[in-house]
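Here's a structure for you.
Think of it as A, B and C in the order they're written, each chain with its own count starting at 1.
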């Protein structure tokens, strides 16, 4: 990896971005534990749970360099490795929200994702996560996202514990707190991929867990791996991120996908964003204000054809019926307003692509599928590579 | 395999029965792709998805023989390998319906199933499918069938992605088409085993998928792996298929199992079939006409004892309550009419067997279980071997 | 293992505690089978199913010693190995109920569990169960228990077939008997972990199955692995079992956990048990009578503070709302009566611990979690080690 040397440089100055488990180990080394040491009650069990995760090679390297203690005791003071200290709390210990990422870390993740694509394309794949166990703790079902994560883990040789309907089936139904569930499940696994119906649930889980948490969507909140795969897809399909023109089409008010995407695109230079949506579901002011503050040019338009002819990416979304409640008339009106069909394709540039987070209903007509600029199934596939990359990074480090 | 030489002979003249993935590869080789080639929009993603599946040894063999291009460009014109060109479309690219099979291909599959039995009996089994990932996409739950497929995959070293309730949990609930779901899931797996509530769903999936599809039952339609395991069980238990006498008992109107079995038995010589069923659920005319057209002798009888004394196989089925709607009186009457019990066993020949697709209620009494001629649990186990064989054939070829 | 020599001594005199599969094999060896031998109809399929499970090393050892036939024909007459002949029927062929265990066998299991802890703590774990397949057949969902078993199997290199909602999804919904389901599923797996809503279901399953059955809870009946992990946790946390003082707090009438725990504690010397519960859910007389008959001192108390100050273990349980039916007033009263909080901790001894089978609601306050004497998450983790040990013992033997 070309980028690895700069990471190594960072590590010489401050801290490498070691996975959560390793950080725990380091913390514990500074605070030798005995059976009844007085501190967070879960530390001990974490130590027991996770010492198995420490790659021996990494460990011995730490010890050889004799920098082990000094580094670990300053693990929260890193300033020299800015690309990994966004919010400091995370450093790829967990994947919780789009705000964790800047363009350096995005670039680094995408490079690993690209490696993962090569691994996945070559039989028999990889065994780098052999011996690791991922728990998918889904409080609301999402077969697509769950299968994508589980495929990612298995393509890397890891194993999976699955629960698709934790809300109804698990102890949650008996009134157990999320925190208690996490403390139990972390004893059975090495990483937890979690989907929840409440915004902020993933952050709460990460705060208590001694193993990495990946947010696979928390209600109206965040779905960071979707945001990552969207940006990755744009880079792969268009070949660049600086200077691109992206149309966000459809339900911009409720779609966490387009909100996160707009947020991440603001990290690139000379990006121009077009919002094309029915009035009832237009992009909210917070994102518009944020884009303006970041110097991103944006405009609202009601002319999909004109926008489509100018953009590199037409990012279509589904109008979500469940957001309209009783007002099915508004839903029907909104739903039919902006359709990506052959006519839209006809005005799009040769190199431009159509994206969609899926599932789609009829907001992209089936005829579009045949056009090579229909990128949405490739986009779904990129989700696999991004998730493989994140699993690798959280469990093994850079 | 004794049969392999004839297959090889076929391959010299036309096309070997290579797995779907390989066929795709070949097609692509003739139509060198670039990013924007104008054809089926999913070809590209298939290529990306599945190049990993190509066994390198097979590939290099193709290349060495220098017949690569020529063969692939004629892949739909094969006439010299009749046993693999039933419907031409399939050639064991997918397992969709009983009509795919003739006695040569059945015999070949059974030989592989027999090898699988040896593998399963020897610890620690096989790793021939290591690195392969099967998705079980079940739109209606069927624990028995799902576990059988998943066991088959794991006994061969493969891995599994499971979804048992795709209808309720997946994007289907949001209105996504089956085709879109398949295009997404094929990006996460190497083969899809699918059960659906609509007849024809598996065929639609196979038409769009770039990876093999196995139909694990599509509503009132087909359940081809059940048909295969039934015929395999008869051969294993009775020792032959030509010249056998089979009684089909119970619900012959609604049971796709007995319909498929009758269809496949027609491929053998001197078969005699007895239909023993309550009037309300007697065998439909289309199967009767087909049997007659194939020269199969059949008769309807209301005397189970007499039929049982003459047959090699008494194939009992469950009367399905759900088919009777409000008419529970008819259900109760039909249900109690033909029971396989000790009295039936007493008139059966020593070598004859009782079969049942399971689950059973009381149409076979529990006392029958103790008799060695009760073959139904062995029949269920044979389902494992047949499914192991099919997974091997679809993923690795003959 | 220090204890292994005594086991070996047992084997010289009678029978080693070989896993179920091996016993079957031995039985079959005495009754050479042919296709139509007249005996239990399922023997044949068991033989087919399970010969793969026989460790070749064990087998050849049997054969070398030339004691093979003699031993197997007396497999039900063993008297010289009392620690493994509790109820004779089981001998760790299955894990069905707490009554299977005496202190020798508990001690032996705990020693294996301790080994498992070391395995789990060391990456990449173990592969001793590679090639083995466990089916989790859950007729009522219990995510916590299921994940614990599945993690245990995977940490040892084994594979898992999962079904979480067998009652609704499987053939049971069509009226199939448990026995039929077991006979089918045993054809697909090497061991079945089963949870059922009916007391005695696991015993029925074990009676029919040719592979080991582990009871993961059968309705109001038994949950033996929970009982084992509770005793194991006490030994690990307190350092001894003889002479301990244990307070059982909360719902003692309905909790199978505390009933089984009291039963097993009676096997140790000088144990003293305190029952602290609201009147409506006090410990039933059968357990009290049993304890008295075993010379265990016990008393009922309504003063949690006093009891807590004297005990080594405060075992808190959840008051189960569902047991109160319409009487929510009684539930609310019972629920608030005995809470473990900081005040209780303050009177507890330094070495004492708080345990809970989880999930908890507010019967232990969250502030307690921070105290190192809060052992309940370590207890949950011990469930993993106990289950790893049982899987190892049932599949590979001692």
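Some points to look at:
Note that in this section a contact is a pair of C-beta atoms (placed from the backbone, for glycine too) under 8 Å apart; a residue touches a chain by one contact, two chains touch by 3 or more.
Remember, predicted model here, so these are calculated numbers, not experimental data.
Where the sister copies chain B and chain C meet, the same residue numbers recur on both sides for under half of the interface positions. Fitting chain A to chain B on CA positions gives a rotation angle of 120°, reported to the nearest 5. Rounded to whole angstrom, the centroid-to-centroid distance between chain B and chain C, based on C-alpha atoms, equals 40 Å.
Annotation for chain A: residues 162, 165 touch two or more other chains.
Residue ranges of chain B in contact with chain A, taken from their complex: 35-42, 44-45, 48-49, 51-56, 130-131, 133, 135, 159, 161-163, 165-166, 168-171, 174-176, 179-181, 183-185, 187-189.
Within the complex formed with chain B, the residues of chain A that make contact are 120-125, 141-144, 146-148, 150-151, 154-155, 162, 164-165, 318, 350, 358-361, 366, 368-374, 377-378, 380-381, 384.
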